[in-house]
Amino acid sequence: MGMLNLVLTNISRKPPTRLYPFEIREPFKEFKGRIVFNPENCILCGLCQKKCPPDAITVTKADKTWELNVFRCIMCTECVNGCPKDCISISNERAKTGAKEFIKVAVPIVDKPKAPKAETPKAASSK
Amino acid sequence: MLDNTIETTEIKSSGELLKTVEGLKSDGYRYSTMICLKANEGHDLIYIFEKDNKLKNLRYFVKPGEKPKSVSGIYLCALLIENEYQDLFGLTFEGLAIDYKGHLYLTPNSPKAPLA
Amino acid sequence: MTTVIPFGPQHPVLPEPVSLKLEIDNDVVVGVLPSLGYVHRGLEKFIDTKDYNQTTYICERICGICSALHGITYTRAVEKLFDVEIPERAQYIRVIVGELNRVHSHLLWLGLFADGFGFESLFYECWKYREAVLDVLERITGNRVIHSISRVGGVSRDLTKEQIDMTLKMLDAVESQVKDIEKVFVNNYTVKQRLVGLATMSKQLAYEAGTAGPTLRGSGNAVDVRETADWDIYKDLGFKPVVEKDGDCYARTKVRITELYESIKLIRNAISKLPNGEVAIPIKGFPTGEAIMRTEQPRGEVVYYVKGNGTKNLERLKIRTPTFANIPSLLLMLPGVKLADVPIVVLTIDPCISCTER
Amino acid sequence: MNTNDILLAVLVLIGAPIIGCIASGIDRKITARLQGRVGPPLLQPYYDVKKLLSKDNMVVNPSQNFYVVVYLVFIVLSLLMLVFKQDFLMIIFVYTVASLALIVGGMSTGSPYARVGSSREIMAILSYEPVLILYALAIYLLTGTFKLTAVLDASSPMLMYTPLIFIAMIVVLNIKLKKSPFDYSTSHHGHQELVKGMTTEYGGPGFATIEIAHFYEYVFLTGLIFLFWASNPIIGVLLGIIAYLLIIVIDNITARVYWQWMLKLSWSVLLIISIVNIAFLYVSGVQLA
Amino acid sequence: MSLAKSPWIIHVNVNSCNGCDIEVVACLTPLYDAERFGVLNIGTPKQADIMVVTGSVNYKNVNVLKNLYNQIPDPKVVLAVGACASTGGIFHNCYNVIGGVDQVIPVDAYVPGCCPRPEAILDGVVAALSILEEKKKGNIKGKEVKLKGSEVPSNA
Amino acid sequence: MMENTVMLLIIVPILFSLLFVALPKSLYKYLAWAFFIIGVALSVNLVLDGTGVVQIGEPNFAMFENIVLVLEVLVILFILAVSAKYKNWPTLGLGIISAALFAYTFTNVPGAEGASFNIDQFSQIMILIVNIVGTAIILFATGYMDEYEEHRHLHRQKTFYFTMSFFLAAMNGLVMADTLGWLFLFWELTTLCSFVLISYNMDEEGINNGFRALALNLVGGIALSIGIILLATKYEISTLSGIGTYAGTDAAAMAAVALPVALLCIGGFAKSAQMPFQSWLLGAMVAPTPVSALLHSSTMVNAGVFLVVKLVPAFAGSSLGTAIAVYGSFTFVMCSALALSQRNAKRVLAYSTIANLGLIIASAGIGTPLAVAAAIMLILFHAISKALLFLCTGEIEHTIGSRDIEDMSGLINKAPLLTTLAALGMVSMLLPPFGVLLTKWVSMEAASSNPVVIVFLILGSALTTVYYAKWLGTILSSSMDKNAVPHKKPETYFPLSFLGLAIVATSIFVFSIYSYFIKPQVEILLKTAPVISGQAGQFTSEIGAFAYAAIFVVLALAVLIYLATKNMFTPRTTSYYMCGENNLEKDRLMFRNGLCSYEKSSVSNIYLQNTFGESKLTTLGYAISIILIVIALAGGVGL
């Protein structure tokens, strides 16, 4: 009885279950967790918006804002590779579960060379 | 056309089509799929058959308004793709084994013939 | 009066929304009418708004289970349009990821299948082993399920030494675990009660019904596109199609189990032969012409037809997915089986409705 | 009915569901461990019932909950009759009322899945009911009466003379607990072709009633096993526990089978071995001391 | 408290690519074992507390979603898993896609990702639990979602 | 005065049968009510008169004897005439044999000096059944037959009521007569009534089935008359009670009369449609439902088992008894199995009737006091429940236009009262605390000493549970479409409710019934009484106890709990789980199929035709039952 062996082995060992959320395994460094935007060098060229397959990024030149709909992003990294200024990077931390989140960042364009004042990523409730 | 075109055999009439398909079946070909393209107001249908991992393609031009004959009577498995093109391209195949009447994927409120 | 019951779209035994109208007489199915469209999104139209590069990500999301192979097939089709040869190392990485994908997919299927005949603990075993494969895939590609590894011109990430070691270690473990569950699938009395002789398709019938993949090979047809000249690497790796001749659910199960070993062997060979060099080349311009590309996915052969017209968008993209080819065979297999067997028979083609309907 | 009896009755009424609840918690825990998981907390069945009671009472047929109440009270009655050493044949008939109430309850919802589940469960009656009555007959042949007094007061275990019926009863237990391989009419998780089978349309308080009745049923069924070694209560209880463990393990090493297969099994194997056992008792004329 | 200890889920796959689905199923398997929280994948809406929806809404499944939602007894919580269910994801402007699940039924919590990791889904379930408790306390009933003849939600 | 009551019981029904012929159709309703009331009064009166033997001596005897002779001649002539007219040669042949036997009896068998009616408790029970249940059925018929005839374009109601009433007279005579010759006449008269009523539709099917019933009953009648001749010539026994007295003297005497007793029993088997005679009863289902209820379940077929039970003293404890017990229990299990594959409600009931009669025969065969008590009680309870079930089936058929069990799903929504009554009837057939199960329990306990019989009984009772459960579940399942409107006429609903109440009442007062009727009767038959006592709502035998009161209490408790908690958890009605594809605006059982159109879902039960189908089992049943009968006969001649 193959199955008998398997189940008896199972019961005789500690279950392999990860007790998430009480025990959290370090995410792999390769894991594509979430998009991180660094507004410092952004030139609002809109390339990332154009490359993004699900249209998760909105670059508004007029308001000087860069906006990411976290709940639409599919972690394809097209924007990361496509940004001429390397403003976008990827982190191995997961995006948070809960209400819909839009990351809207005001971009300090060249004429304000130093100390960019980024709005903290804020959670907006669903549209 | 360009150099990387796929090889196809042109079929002129629906009668010829059915006959050729029957011939292919008796030669031991499998029905793989059919591709539908918009072309010159009408539609190009590319029937793909396979035997020993080699493909054989038939190209048949559907004139605007023409109702192509279904090959689902010869290869039952053709019925899905033909129904699909009824949905997506608004074609009408005659003699379908199961006719979903344009409701294979779409319901009465979805966009009509979206690929047409 | 016969029994008429709806089976799906939301049905716990079929995690996917397919709906079958079943007509049952005396506990035996006499009529079946599938209802599709619950996952129809309209992806073949998407090429109008997305360029050929972005389309890769859409193709990967045709189905989350063998997404890597969708991406690979699509990119290879487009590369054929450009008529470019991509670096060998990229080809090998594609094969490795693709085969890993098959391993996880087959394990997943074995689990769901076990669940389909009410064998929960076996389901859990299969999925437990599958996690190790997913861990490796995650480390290689950055994602557990939708990998986004293949891009037009090569692959997006290289394989590191560390990742290779991890893969080899995982393969050893998984191979021995597969041997354990193989014993159950092949020898367990109750499992055999359920599977042997169920929904048999003769060699001829399976061939003519246009079935694909394990469904086809379970009936004794040695058809596997990995064998064709389209993709030479498989030949170098010593690939052999897996065939069983009985044509019943039991045979199809055995095909998939044996394919697990075959895939493990292929990955090992690929790793040992992995050439050095670039993993991607830049692609310039816009695609023109027509091309057909076929790949053996876990569920069978997928056919991509792409047509370019010299713009950044393709003119036509048509995907014939394996489940699309296998669904008509359900019409042949279901009549005559018991109601209790319906989920088993449906699962035995390893249905993937999201790829059927796109 | 003296005070002692009333006390005992109250004890059973309160104690049985507690034992049943814990037993089912242990069951889930062991099942999880056999499957290599941690599993739910021990009191999970209790939480489940409490939650179900606090949910909306959604019904398809306003009278569907009546049948589950009948199911519950008749399970309780059969348990009480067992405790009070009543006529065993009678107990089985009362138990049949309970089983039928659940089946009819499933049918009464009218939903296709529930009805298919119920009609399969009806077929299950065909396979376990004869065994149960043959068990009663064995008791009669051994003690000269269908009343359980004799069995419970005997000094030697019944198992000695009824080993084959014991085996058959283990399978019956398996069928009644709706564990794999016999979980075709309703399964504990909804992963089957019939969704939740008979109980598909029950939710909230109605389903809670079914769960509570299951707790009693657990105890009742263990009681049936207990009778095999009633002369020594400790061994009797142990026997019950072993039977449970066995069933849990079987649950985890088998696939679900068809009711047709089960019918064949029960009429060709279970019935025959039970009858052989009965024939032995009849011919040898042994009496339980 | 009882609600939070025994969340039974019904998994509804509407327009999903299976990526999210297999991760939802993976939550139940030994490595993640959602049953630790009392989670059961119960199958029938009549016994469910949490509706886990994967995939976006299309014209054919919009009724399915509404029907199932209406059949879950109160208190109930809807958890949208994945980019598709949350916003329509990559498919949000396909011709046959109406949009995220919240276009059709009220959604209480969203899980991001394509596909989300099982851990993220577990987070979602835990978030759903507290919402469930709140709803019970406040006696908040889910509104009956009307099936319109047209099957198209007004805000689509 | 008992004598008068006895006479009235025979004359009044005849009177009524003539009234039905004389008066117009519009008055039938009132006539039936009157008949019902008089029937109740007469039968109760008989019970109050007590038991005893009514001797018909000279000078009345000569007159009666002549009437009897004339009637017998008429019966035989009728059979010959009708079978010749319809060219039914087998029946004609059997008729000729009967005639020959009659002639032989007339010439060679010494005539008796008098005749007697023996009113014992058993007869009282039968009289109660015949005159209360029977007239209730006739009352039901007045509300039923118009519609029945309308659908079939028939105008034969006069024949119908005449025969039904006349049948009651014959049946009354049959259960009271002690003289074998008279008993035989009444016996043949009931056969004739049955023939007329089965052929009632006058279509080919009806006539064929009528002839089948006639022929098979003639076979039984022939066995009966041979038995009577043997008894009279060899042992000079001419009364039913005489057999018991003779056989009761010692074992040798018992063995001596075994052959004629076995022949009488075969006559009884044929009348009770036991295997291999069962086909006539199934054929009889073409008759209007009241006929099935009256003749073919609650009264006439009981005549057979009545006779067998009366003969108990002649075989109790002998090998003939054992053979009869095995035979009866075999019919029980076989017909229960056959009922499993039936979806025609009337056929299910027919098989169930045969099976239960088999159970009665088995109990009689076992022959212990307990078993005989069970047999008599079962006759009573079964008659009431079956009459109710048949009448309900008839009414259901008029409500939904079908007698297919599968078509009855959702009946509870269409006709709640009717469904409740039908459900009560079914529940009373198989679940405690109702009488039928009580008697089944008694017979099982009694049979536990005979392993073959008990195994048959066990299997049969499981099968019974299954086929009733299917039907019960089907009628109680909700479907929510309310197309059919139940016909609510007092003539139909009164008898139904009356029978329903009777089931409950008899079950509650089972112990009084037992001590008043059954116990003395068993004492008469076996000279010992079963050790049964009833205290604290229990029915206690020497080997077990049936706590029926507790179950009634618990049942009431269930209703109370349900009603009490109903308001605690306000129910909210929702739609069926259809995997999400409901359409609420249309039927609630509709779902959307692949073609984007809506379709109704339906579920049919499992019938197992392949295992338990008639074609599979009937031959086997014939073979085994014939073997068993041969064994019984062989035992009878002492081989």
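Per-chain numbering from 1; labels A, B, C, D, E and F assigned in written order.
Everything that follows uses one rule, which is that a contact is a pair of C-beta atoms (placed from the backbone, for glycine too) under 8 Å apart; a residue touches a chain by one contact, two chains touch by 3 or more.
This one's a predicted model, so the numbers in the text were calculated from it and none came from an experiment.
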Chain by chain, through touching neighbours only, how many steps does the shortest route from chain B to chain D take? 2
Hey, what chains does chain D share as contacts with chain E? A, C, F
Suppose chain centres are the mean of their C-alpha atoms. Which chain sits farthest from chain E? F
Give the identifier of the chain nearest to the protein's overall CA centre, each chain being represented by its own CA mean. D
Contact-pair count is greater, between E-F and D-F, for D-F
Taking mean CA positions as centres, which chain lies farthest from chain A? F
Mind checking the centre-to-centre distance between chain B and chain C? Centres are C-alpha means, answer in whole Å. 25
Centroid spacing, where centroids are CA-atom means, of chain C and chain F in whole angstrom: 65
What whole-number Å value describes the gap between the mean CA coordinates of chain A and chain B? 43
Among all residues of chain F, those touching at least two other chains are 572, 574-575, 577-581, 592, 594-595, 601-603, 606
Return the residues of chain D touching two or more other chains; collapse runs of consecutive numbers into ranges. 32, 34-39, 56-58, 112-113, 116, 189-191, 195, 200-201, 204, 252-254
Chain C residues touching 2+ other chains are 3, 5-7, 9-12, 27, 33, 36-37, 40, 42, 45, 57-58, 61, 121-122, 124-125, 128, 143, 146, 188
Pairs of chains in contact (touch as defined earlier), listed by label: A-C, A-D, A-E, B-C, B-E, B-F, C-D, C-E, C-F, D-E, D-F, E-F
The answer for chain A against chain C in the complex is residues 1-3, 5-7, 16, 28, 30-32, 51, 53, 74-78, 81, 90
Within their complex, chain E touches chain F through residues 12, 44-46, 61, 63-65, 67-68, 70-71, 73, 147
Enumerate the contact residues on chain D facing chain E in the complex. 28, 32, 35-41, 44, 47-48, 50-52, 54-58, 189-191, 195-196, 199-204, 207
Which positions of chain A touch chain E when the two form their complex? 15-21, 24, 53-55, 69-75, 94-101, 126
So in the complex, the part of chain E that touches chain A is made up of which residues? 30-33, 36, 83, 86-93, 102, 107, 109-114, 116-117, 119-120, 122-124, 126-127
